[in-house]
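What follows is a short report on a single structure.
As written, the chain order gives the labels A, B, C, D and E, with residue 1 at the start of each chain.
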Amino acid sequence: MSESIKIVEKKTIPSEAKMIVGLPDVGLVGLIATSYLISELNLEEIAYMDSDLLPPVVVLHKGLPHAPLRFYGNKNLIAVISELAVPAPAIFPVMQKIMDWGQAKKVKTVVSMGGIPVENRQSITEPKVFGAASNQELLDELTKKGVSIMNEGYMVGPQALSMRYSINKNIPSIAILAQSFYNYPDPQAAAIALKELAKISDVKVDVSKLLEKGEEIRLKARDIMKRTQEEMTRMKKSQEYDLPLYV
Amino acid sequence: MSESIKIVEKKTIPSEAKMIVGLPDVGLVGLIATSYLISELNLEEIAYMDSDLLPPVVVLHKGLPHAPLRFYGNKNLIAVISELAVPAPAIFPVMQKIMDWGQAKKVKTVVSMGGIPVENRQSITEPKVFGAASNQELLDELTKKGVSIMNEGYMVGPQALSMRYSINKNIPSIAILAQSFYNYPDPQAAAIALKELAKISDVKVDVSKLLEKGEEIRLKARDIMKRTQEEMTRMKKSQEYDLPLYV
Amino acid sequence: MSESIKIVEKKTIPSEAKMIVGLPDVGLVGLIATSYLISELNLEEIAYMDSDLLPPVVVLHKGLPHAPLRFYGNKNLIAVISELAVPAPAIFPVMQKIMDWGQAKKVKTVVSMGGIPVENRQSITEPKVFGAASNQELLDELTKKGVSIMNEGYMVGPQALSMRYSINKNIPSIAILAQSFYNYPDPQAAAIALKELAKISDVKVDVSKLLEKGEEIRLKARDIMKRTQEEMTRMKKSQEYDLPLYV
Amino acid sequence: MSESIKIVEKKTIPSEAKMIVGLPDVGLVGLIATSYLISELNLEEIAYMDSDLLPPVVVLHKGLPHAPLRFYGNKNLIAVISELAVPAPAIFPVMQKIMDWGQAKKVKTVVSMGGIPVENRQSITEPKVFGAASNQELLDELTKKGVSIMNEGYMVGPQALSMRYSINKNIPSIAILAQSFYNYPDPQAAAIALKELAKISDVKVDVSKLLEKGEEIRLKARDIMKRTQEEMTRMKKSQEYDLPLYV
Amino acid sequence: MSESIKIVEKKTIPSEAKMIVGLPDVGLVGLIATSYLISELNLEEIAYMDSDLLPPVVVLHKGLPHAPLRFYGNKNLIAVISELAVPAPAIFPVMQKIMDWGQAKKVKTVVSMGGIPVENRQSITEPKVFGAASNQELLDELTKKGVSIMNEGYMVGPQALSMRYSINKNIPSIAILAQSFYNYPDPQAAAIALKELAKISDVKVDVSKLLEKGEEIRLKARDIMKRTQEEMTRMKKSQEYDLPLYV
């Protein structure tokens, strides 16, 4: 199956970079946050994914066609976004390919950003953010930098596989999870996730514009949110906040 | 899978031709426009697609059987139409085969014509047309010739893959997108797309007969429109006009 | 897939014969007509299809088991019938196998008989018959013999593939299409198709018994008609009479 | 696919035996009859089928696990039963494997027992039994022994394939078909089938206990009947009594 | 398929250990019992399953990611749990892999714990427990130790395959089946299963804490119970208590 997925490189890919993953998921938190990063840091498109496992779609920006799943970067950063929900049956090979390619590019750390749905999101003024990490040392470091740890819980979908394949490849990996709506685009949760990212790394952006453009983003993201929700359902990612059973 | 698709050549295929793609899609704009071109320019059938991935159908014209997906041409033009909606699962291999074959025939440019659905189509007297192109030079050329550029948007289905595979093969590629009904055959949109094509190329036809035969075409195309709509749904091509998220 | 289909020969197969194809389809016209031919001409079973692509069914005649898809023949005739609707996913390999085998037996002509649904069938006293042919010479011959030509239209399913594969193999092929009910067995249409067959070939039978047994056949064929209808739906063969779009 | 099916032998398998097939089917006639035979003749378990094509089920008898599809035997008899409906997609490879194995064991005759549904079963005091056979000699023999012949009809599912593969392998094969309920376990029909078996072979058992235990069997068999019905539906085995069309 | 399943070892795996299997099933009896064992005996995680056949899920415990299907152990014990219902299509390769790996580790005995649904569970104060075993000697041993034998019945799913593959590999295997709710987590049934395990082995834990935490466990296990129920349905594991037919 992996033969039907290619990553086509358009520019020199930075070596030993930090890779930030923001694929469509709960509240589109990771996608909104990472897209904003790309825009604020003026990252340029360095590669894209070409695969028959993704829907037959091309995205137009300024009249020019783009693949929906693209890689942006500068000297020490690679950011992955997709303007299309990854179909549930494709999530394994797509994530595997991204991480294989990341390993080939000697990525130093992987940070995935995402949302954790909370039922009463609308009554929360300031969503909480939690962290998880692939090993105890990283986890201690997060704690030291003031990140609350997500002690018990499930990760499902892109973030789960980002973490799983990172571990298989011995690439240090961090997950940032902001409380968010389940199926409404949540720019505020994205902004808070970015603040947490700034705490633990040198990737720092001013999120004020993101908060200002909140309503506009919510409108533009309505359709991709709807499709993302369908795929989450197929991945059996439920709206409820689940606790693992382990007694 | 590609083994189960063949393009059977009936005549000498022109080399270094312009290829015009008009497969069933939104409002059947591309199909109606390209069929009309074939008829007006007296293009002759030069090849057809033979594949078990397409439905078990034969089309009769003047008592003689034809494959539904056919290639017409003259010395410097190849036109592709299908009198049958391409089933969603077959869209990748079918488009791949068409473009592989086009590359083998040293096609110089690919122009795909199609529709973009607008909600209030019935209240629009003169639909707008937009262009997109595979690179900046082509895009500038379109602008110079007075074509409005489709700045932000999605292309889904045949036109998306026509563009995607052209880029992979370094074949200059243009998309012409006319505002149209989503699921009613739209000969007027087809006529306007043809006018735009005349602006940017030497493929020029008088569209008056197309406009006159509007009602007749709408009736004849009812069934293929219905089936095309089913396949668009399976490709998740929605009726709404979507804006990409990229912040 | 073709490995899972075998044609088992029970008798010597005639060489350079005319092959008549009557598989379950619209109104069971072809099946009823061909079965009647077999019975009137006392053709004997010469081969049958053995395949896991067909349902797990055996037909009993006089207490002895038979495959549902069988070949009958005499010195210069091969007739193909199936007492079971061919499942839509099997239609390609089944028809391919029949025509491959026909080619190996040096079949000279293929004649498929079938129905074309008309909405007001019950108010038609004498259904019309139309012909189509794989090349212009044959078509002219049909016209000369008084056959009306089916100028514009679609063929879907067994008849479409019979025609398609004949063309691929350069075997002259004729389709006889009688106006008929869509989903009621139509012995009258079958009788009229046989009369047309008599016009264009030396295969001539008295159809009076077929017309007399009309009611009995309709009753016996109720179940196979129902199943055939299911498969026609899966092949997207609609009840409406469609006109191709080609402008 | 056949690699994923094994028949595991637990005892020496008799050579040149008669093989009796009683898989779940209409009214569970064959299964009930064959199970009763096994019990009355004290046949011992000699082999079982091990396959991932069958559901993940183990049957407990006296606390010990058994495969659902098992072979019992003595010196000159092999009896096949399954305490689980064979899933429709597995019916081809399962029957193929049983008959391949039977052939390897030089089985002399195959007798399959089953039911044919009659609509008014509840008003029939003494169900009728019919026979069918793989060749004319066998059929004449059945007639001589007083068996009514099933002149026209369909066999669907295990009995059809038992007959089909026997013919392919030149193993003489008989089908015994008792009138029965379609989807209620029918021990009376099973008893009558056994009586018919006694007529044509030396396999003779007293069926009085079977008739006495009727109600108990009906209760125990309720669940397997329900699942068998689901699989019959998937095999398109209808409740109606069909007549083949062949005119 | 087995290539896509790996068991990744994190610690030295004990050789010749007893393997206890507690995968999600009826009432989550096996999972709750085995999880409690792991916690009470302070077993450490020694291996986990890595497979694309399992959903894209990672479980967080104390901020660190874990695979849902994990192996715990000490010097002479291996315990298998999954915090995720095994999808029905994956049950064969997953169980096969677990048992292959167990065989490679020279496992001496396999004990699977599970529930058997009883309709009136809520009116039963003390659920009964039954045993089954892969051979008569083991069964006699169970009886000697005071275990009631499950004389007649079906095992479906993980326990069935645990038993089936153990037999294929000649590994002595025991099933412990406690009466339980079908689709409510049943910690009391788990406690009683553990008491029975203590009778027949040296694996003994005090179940009082398990009973105390009953309500908490039921709440935490709600979601995994719901998903397990879906998979049981797909495995055709019904809520009713079935008796095998074998007459």
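The working rule: a residue touches a chain if its C-beta (ideal position, glycine included) is under 8 Å from a C-beta of that chain, and two chains touch if they have at least 3 such contacts.
Just so it is clear, the model here is predicted, and its values are computed rather than measured.
A.B. asks: Smallest number of touch links from chain B to reach chain C?
C.D. replies: When the steps are counted carefully, the minimum from chain B to chain C is 1.
A.B. asks: Does the chain A and chain B pair touch with the same residues on each side or with different residues, judged by whether over half of the numbers are shared?
C.D. replies: different
A.B. asks: Turning chain B onto chain D with a C-alpha fit: angle in degrees, nearest 5?
C.D. replies: With C-alpha atoms aligned, the rotation comes to 145 degrees.
A.B. asks: Indicate the whole-number Å distance between the mean C-alpha point of chain C and the mean C-alpha point of chain E.
C.D. replies: For chain C versus chain E, the centre distance works out to 58 Å.
A.B. asks: What is the distance, in whole Å, between the centres of chain C and chain D, each centre taken as the mean of its C-alpha atoms?
C.D. replies: About 36 Å, centre to centre.
A.B. asks: Return the residues of chain D touching two or more other chains; collapse runs of consecutive numbers into ranges.
C.D. replies: Touching at least two other chains: none.
A.B. asks: Taking the contact definition as given, in what order do you meet the chains if you travel the ring from chain A through chain E?
C.D. replies: Read from chain A toward chain E, the cyclic arrangement is A, E, D, C, B.
A.B. asks: With touch defined as at the start, can you tell me which chain C residues reach chain D in the complex?
C.D. replies: These residues of chain C touch chain D: 8, 28, 31-32, 35-36, 38-39, 50, 52, 55-65, 67, 81, 83, 210, 213, 217, 220-221, 223-224, 227.
A.B. asks: Under the touch definition given earlier, write down the residues of chain B that touch chain A in their complex.
C.D. replies: Where chain B meets chain A, its residues are 91-92, 95, 131-136, 139, 142, 149-161, 163-164, 167-168, 235-236, 238, 240, 242-247.
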